[in-house]
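A short worksheet on the structure shown next.
Letters A, B, C, D and E mark the chains as written, and numbering starts fresh at 1 in each.
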Amino acid sequence: MNTQTTISKPGLKQWLTSDTPRSRLQAKCGRAWLGWIKFTENKLAMIGLSIVIGLILVTIFAPLLAPYDPLAADLANRIQPPGADHWFGTDQLGRDILSRLIYGAQYTLLIVGLVAITAAPLGLLVGTAAGFFGGWVDATLMRITDIFLAFPKLILALAFVSALGPGLENAILAIAITAWPPYARIARAETITVRKSDFIEAARLQGTSNMGLIIGHIMPMCMSSLVVRVTLDMAGMILIAAGLGFLGLGAQPPMPEWGAMVSDGRQFLLEQWWVATVPGIAIFVVSLGFNLLGDGLRDVLDPRGGD
Amino acid sequence: MSAVTRKNRDGRKRARLISGKAGSLLRIVFSLAITFFGLLLVTFLIGRVLPIDPVLAAVGDRAPQDVYDRVREEMGLNLPLWQQFFIYISNVVQGDFGQSVLTANPVIEDIKRVFPATLELATLATFIGVVLGIPAGVFAAINKGKWPDHVVRVIGLAGYSMPIFWLGLMGLLVFYMKLDWVAGPGRLDAFYIDFIEPTTGLMLIDTLIEGDMDLFWNAVSHIILPASILAYFSLAYIARMTRSFMLEQLSQEYILTARVKGISEHRIIWRHALGNVMVPLVTVIALSYANLLEGSVLTEIIFAWPGLGLYITNSLLNADMNAVLGGTVVVGAVFIGVNMLSDVLYRLLDPRARR
Amino acid sequence: ETPKNALVMAFAIDDIITLDPAQIFEFSGAEYAGNTYDRLIGFDNDDVSKIHGVIAESWDVSEDGKTFTFKIRDGIKFASGNDLTAEDAAFSLQRVILLDQSPAFILGQFGFTPENVKDKIRAVDDSTLVMEVDKPYAPSFVLYCLTAGVGAVVDKEEVLAHEVDGDLGHEWLKTNYAGSGPFKLNKWTAGESLSLTANDDYWDGAPEMKRVIIRNVKEAAAQQLLLQKGDIDIARNLEADQLAAVKDDTNIKLLSKGKGALWYLGLSQKNEYLSNPKVREALKYLVDYKGISETILAGRSQIHQGFLPEGFLGAYNENPYSLDIEKAKSLLAEAGLADGFSITMDTRNTTSIMAMAQSIQATWAQAGINLEIIPGDGKQTLTKYRARQHDIYIGRWGPDYQDPHTNASTFAWNPDNSDDATAKPLAWRNAWDAGDLTAQTDAATLERDDAKRAAMYVDLQKKVLADGPFVIMFQETEIASMRGNVNNFVLGPSFDNNYYRFVTKD
Amino acid sequence: MSNDPLLNVKNLKVTFNTPKGEVNAVRGVSFSLGRERLGIVGESGSGKSQTGRAILGLTAANGRITADELKFHDVDLANLTPKQWRKVRGARISMIMQDPKYSLNPVMTIGDQIIEAYREHHKVNAREARHRAIDMLEAVKIRDPERVFNSYPHEVSGGMGQRVMIAMMLIPEPELIIADEPTSALDVTVQLQVMAILDDLVRDRGMALIFISHDLHLVSSFCDRVLVMYQGHVVEELAASALHEAKHPYTKGLLNCLPKMDGDQSDLPILEREASWAEG
Amino acid sequence: MIEISKLNAWFDDHHVLKDVDISVPANGSFGLVGESGSGKSTVLRTITGLVDDWEGNILVNNKELGTTRDKAFYRLVQMVFQDPFGSLHPRHTIDRILTEPVNIHGLGNSDSRVVEALKQVGLDNSFRFRYPHQLSGGQRQRVAIARALILEPKVLLLDEPTSALDVSIQAEVLNLLSRLRRDLGLTYIMVSHDLAVVAHMCDDIAIMNHGRIVERATAGQLAEGSLEHPYSQQLYKAAGGYDRAVVDSFVDWD
């Protein structure tokens, strides 16, 4: 029915929405297109996407957008309240908070991006392997997961940062190391529910190898719950990074990392609230964005949902 | 041509025999032992790779070299690694976690002191989180896509994304300083500190044992703010999970059956659906409780709350490895204990899991 | 509101690791010992050159300067009820040497060893204590060392009653009390609180505060709230911005006192750039002393560039360096580094140090020096510093006792600059071969004429200032913020001399 | 069989709003029902279940019901408040679901679930209710009712579960039972046994029954009257005994395409659908 | 083509198959009927190697099967599952589902093979890039059959291939299966609980109860209803529709 209305407009759109794609490429594009259409119907997800795209754009165009040098200290002008010169005020060294916020976007992006591409796949791999093979593989992997899970998280992160030396990259690595066990558990639970299902056995009967089953058949089933969980955790990751910053082991000064900005500003919170609050709100907005995006993505990733 | 014969059938039988009741207990004990051993090993290794000199905590920066060398030897740091580990493990097995350099106390004593503080806070926080989070999640689920859903979600998320030190200080500023609703940092007003002999270490209970209601209310007014702030985090998570479990349950067939019976919507949601939601939810709650029991360093710093998180962190930053190891073992034990508890509850709540 | 007869304080006391005066070497620990144990002698907080007797009524120094005889005051009782005698004093000093804990060297440097200490320090009778040092040191040197925490007198009988395996009661005293001071220990809960009760029989007058409760509050903002709310009487760790906030509060007053601690940059001579004298000089022109002192440290420091803090014998109080970027640039150009260079600085992650470091970072950038700050927790940066693995270390150095030798022996003294040296003063940590200064420092300890001795130290300071690997920036000022009704809280030049005993409340 | 109609349905339509547009699940179904056993057959997706659910007001939230008339006795089912619905559901009209595995609450005992159905509509004390429930379990030929009463759904077999379901739905003594494929999840022989129980109870208590199934053969051997549905329309209505006289090509096609026991391996006749059927 | 003798299988302690003997000639079609849980599926799953704990002899194409199955085996024997909703991966398109076996076995030409396979089961190209949930039950089952056929096997194991389907669609699928057997010379073992379906499709039939084959019959015998075992007779009667009197004569076989 929907397609009928679009047929009148020939060209790319028709090619994309064709009921009988002639090639895999066309089908893929068409599917992406439909996914996109479905995604755009989800207003909240679109808001989330705009926030995330906004973050990316700010990262790219930081030098153009920032009114001041984010590192230029000016002790005479420290802790100015928000005003015409400094929209969000200045910090304890007289640096423009807006500019620091803009330059800091890249670190936020880096933190969530890196953790997402390290912890999630690691957890996914461990969890699916454990769930799939069962037996001693499961026992071993789950014991290791338990050890990491039962370990005080901040201690683990602290220890890693201390061992590797402070700095944002190491903080990120440390966060990833503490973040993967829950993902492994989710993936394992999901794997156990599907591993005996007919479609997995059917695939096995096609001669698919174990690796093939895990990667091609089991992992996609874990994706949606994982995506949701990861996006839900993103705020937490920024905050753990901030917590490490609070303990002095996160971003290196004068890096305008948002979490570090909040933790630096806490000293002035009672009198000069904006120093900590402005970056705090930025973290909130971005994690809101990732969350909404994650919920939207789940709907698209799961082709069963919605129709 | 040889037929497939059932291999090692007796072997399997025997394996199955061990998997009886005693066997499963044995397996649990074994896997616990492995987990603890792993925890100890990892902690121990952390202690070794940490670029912090453990002797410094004991002698300070300005000690002369000979004192430094003597203390280093006393601490056993000149022995080979495996030997240090072995000594440590054999002490732990005998229940001796050694002495903390920082507090001059046996680690066990320290933990007896700091863990109840964390336990009290975490338990209250989880309680608040559960009492508010579940209804919020249910409320969001039955109003899916409408504004109550969004409100719950955004408020929850805000709880999730504001750094705890921000929330903590703001909470103090507003509720302690401006409104005077709650008491300030610490577990009791400072001049009450000596009035109470720790029996359980849980201030709320000790004050009751003492029978002093003033002290009790003082303790309540001290704990309520940090507990609420910690609760905000678990609340956000619990509400969210409740919402999604609830949505899943509400689309199940048995809900339809209940409707057919003419049961009130109220009962359908709170008895039928929630009864099923609780099954996966106990695991979620247990996990968030276990996480709180690790102690939240940042909350503890801001509220001058002498808890486990601060203790372990501080010990780690001073490379006071006995304390860190002891703390880790406790956290690990708590974690495993809470998990087992959640398993028990799970079985209790889900008849399918019994047997 | 706090009770009239109790003093409630918020103070970061989690550095206390022991309560045994023979071991205490931390700031808050020193403050505890200062209020609970008496020493043989003490000095006037406002003029440290005035040394007076405490437990010792009077003392004599022999002609050859090697024998000190103390006359012990009568009628002093320990908290246990035991009488304090010369034997207790002798035991206390011997114990320091025998236990050989961190601060033991303060006495040990006078030639006492575990083998000879029982002969060299002895009670002749109940009221006479004799101490023999190995060289004719400047008497002020010896006496100042006795005013330090190691000079605290412990109750021999009580301590030995708790002796285990010949530890002279050390294990017990770590968490217990055996003194005669104006306050006695009620309870110490590590990382949580320290509570003291008044010694109503104190020989020099009972304190008015019957209880002193110190709660460990690490977060400065929390201290501020507690103070403004009146839940505590004194907040000890407010930082610049909190101080600015409470200044306007009419219920709160501030008390400040110059302390002995110095803020400095240690420049490792193992670094090719920093070993160049021109670079060292340039860096001394590249600190915004005034800006940092007025904003970041606002009120909690004064600019001070000599290695002896103001108030010490022989302190050199001129501050020749100030921020001068052009001058620094030309010096760098002379050093062949007109384009600058890159270097790292290990920095403790406390708010003030971090802010200082960032200010320095910004200033250096103007001269083309790219400074990378490596933040770390205290012990971590310190470990690296002590292992000589840093380029630059931004640190704080507090004197161990009130004699100039304490700082001279670390800033200007380095007998062996090799990696496996046994003595590791700050000069060694920065791999600086102090050359002649080592001998001059040693000589100064033997100069018995105070005026001449002072001149020697001024000379040493000038030399270190000109050529040393230290950019000494500030001398710390301690500020206690207290409720308006609290009077007579005493801050001294060191933490040993912060006294609670005179406090009264309106 | 009395002839005053219990239920009158005229031009019932059920429309779903989906992201892909409207789905007309039921497009104008009319029938009236006395105290009889009415079968509704049709292929999957023909709107059988939705018809049954519409009568009980259980259409999913995205669905809309319209009808010229939807009356149960004189109760207008099209306009009931939630409160009024509760008086009708269970007490007067009830429904037996297809799969006992999913239709019983897994965390409540069977007894509780039955009692709950009873006590919602009868003010009796717990002991009395328990008594009634055990009687009812006996009535559905459960051999050990006490044990089953205290069991959880996963502890009983499929056939047993379906009997429990029947007991639960009949205990408040409704006048009309809608059974939506009540046996298709069961084994052939068990299937017949369960149907026999249902048959007895409905007969004894004088209830009306709507039996939904896709198995024409089974329905005709069990019911009095059969409605044949195709794409939301009733294409034919016939007396069960007159099945072999069916006129509509759809009905005939359905009958023909069943394999026979005669061992004939030749191709089965295939239902050739015609667009005109869907017009009603 | 398939010779099974003395097949026993266990799930833990549960003895699920007891001395099952089956023999199917090439291009033959063998039917297995029985109540739920009698072990029908287990026979098929043991052949395809999805059951670990078994003993006995299984010969396929005159080759004795051991405990593991190699790739070549899967080119020879394929299986169609009962539930068309569960046997297709919900996140894979039909194209991917069909392409995968082609790639695994390196047959090449996946594009044309997929189109060909779809055509064989009567699906046009418009289905190729859909997801399983976008197909009806019958269409899904056709896809499942196409997947089995794409490796050009000689033996097809059919586990209740139509029990989840409408009668009208069942007819289509059954016709399709008959046609494929004729055209491609396939050998079938077909499991069902519906006697009529088996009677229609198979030459030889075995009736299972509690892991044992209780009776064997030819299609002809079945048509006449000349079955001996009381359980078989009960099954036969049940196939005749609802009859109150007949139901009363049933006994439970628990």
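Quick note on the criterion: contacts are C-beta pairs under 8 Å (C-beta built on N, C-alpha and C of every residue); 3 or more make two chains touch, one makes a residue touch a chain.
Since the structure is predicted, the reported quantities are computational estimates derived from the model, not experimental observations.
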Quiz item: Looking at the contacts, which chains touch chain A and chain D alike?
Solution: B, E
Exercise. Work out per-chain C-alpha centres and flag the one nearest the whole-protein C-alpha centre.
Key: B
Quiz item: Where are there more C-beta contacts: D-E or A-C?
Solution: D-E
Quiz item: What chain lies farthest away from chain D once each centre is taken as the mean of the Cα atoms?
Solution: C
Quiz item: chain C to chain D: how many Å between their CA centres?
Solution: 89
Practice problem: Provide the C-alpha centroid distance between chain B and chain D, rounded to the nearest whole angstrom. | Solution: 51
Quiz item: Where the CA atoms of chain A average out and where those of chain B average out, how many Å apart are those spots?
Solution: 25
Quiz item: Between chain B and chain C, what's the gap in Å when you average each chain's C-alpha atoms?
Solution: 40
Exercise. Specify, in ascending order, the residues of chain B that touch 2 or more different other chains.
Key: 51-52, 169, 173, 177, 317
Exercise. Would you pull the chain A residues touching chain C in the complex into a rising list?
Key: 71-73, 75-76, 78-79, 92-93, 162, 165-167, 247-249, 252-254, 264, 266-272
Exercise. Flag every residue of chain C that touches chain B in the complex, lowest number first.
Key: 2-3, 6, 8, 10, 14, 17-19, 25-26, 100-105, 108, 174-175, 186-187, 189-193, 195, 211, 213, 215-219, 221-222, 225-226, 228-229, 231-232, 377-380, 382-384, 386, 400, 422-424
Quiz item: Inside the complex, what are the residues of chain E that reach chain B?
Solution: 6, 8, 10, 12-13, 53-58, 64-67
Quiz prompt | Contact footprint of chain C on chain B as seen in their complex | solution = 51-53, 56-67, 70, 100-105, 110, 113-114, 169, 172-173, 176-177, 183-186, 189-191, 193-194, 301-304, 306, 310-311, 314, 317-319
Quiz prompt | Residues on chain E engaged by chain D in the complex (per definition of touch) | solution = 35-36, 136-137, 166-172, 174-175, 178-179, 193-197, 199-201, 219-220, 222-223, 225, 234-236, 238-239, 241-244, 246-248, 250, 253
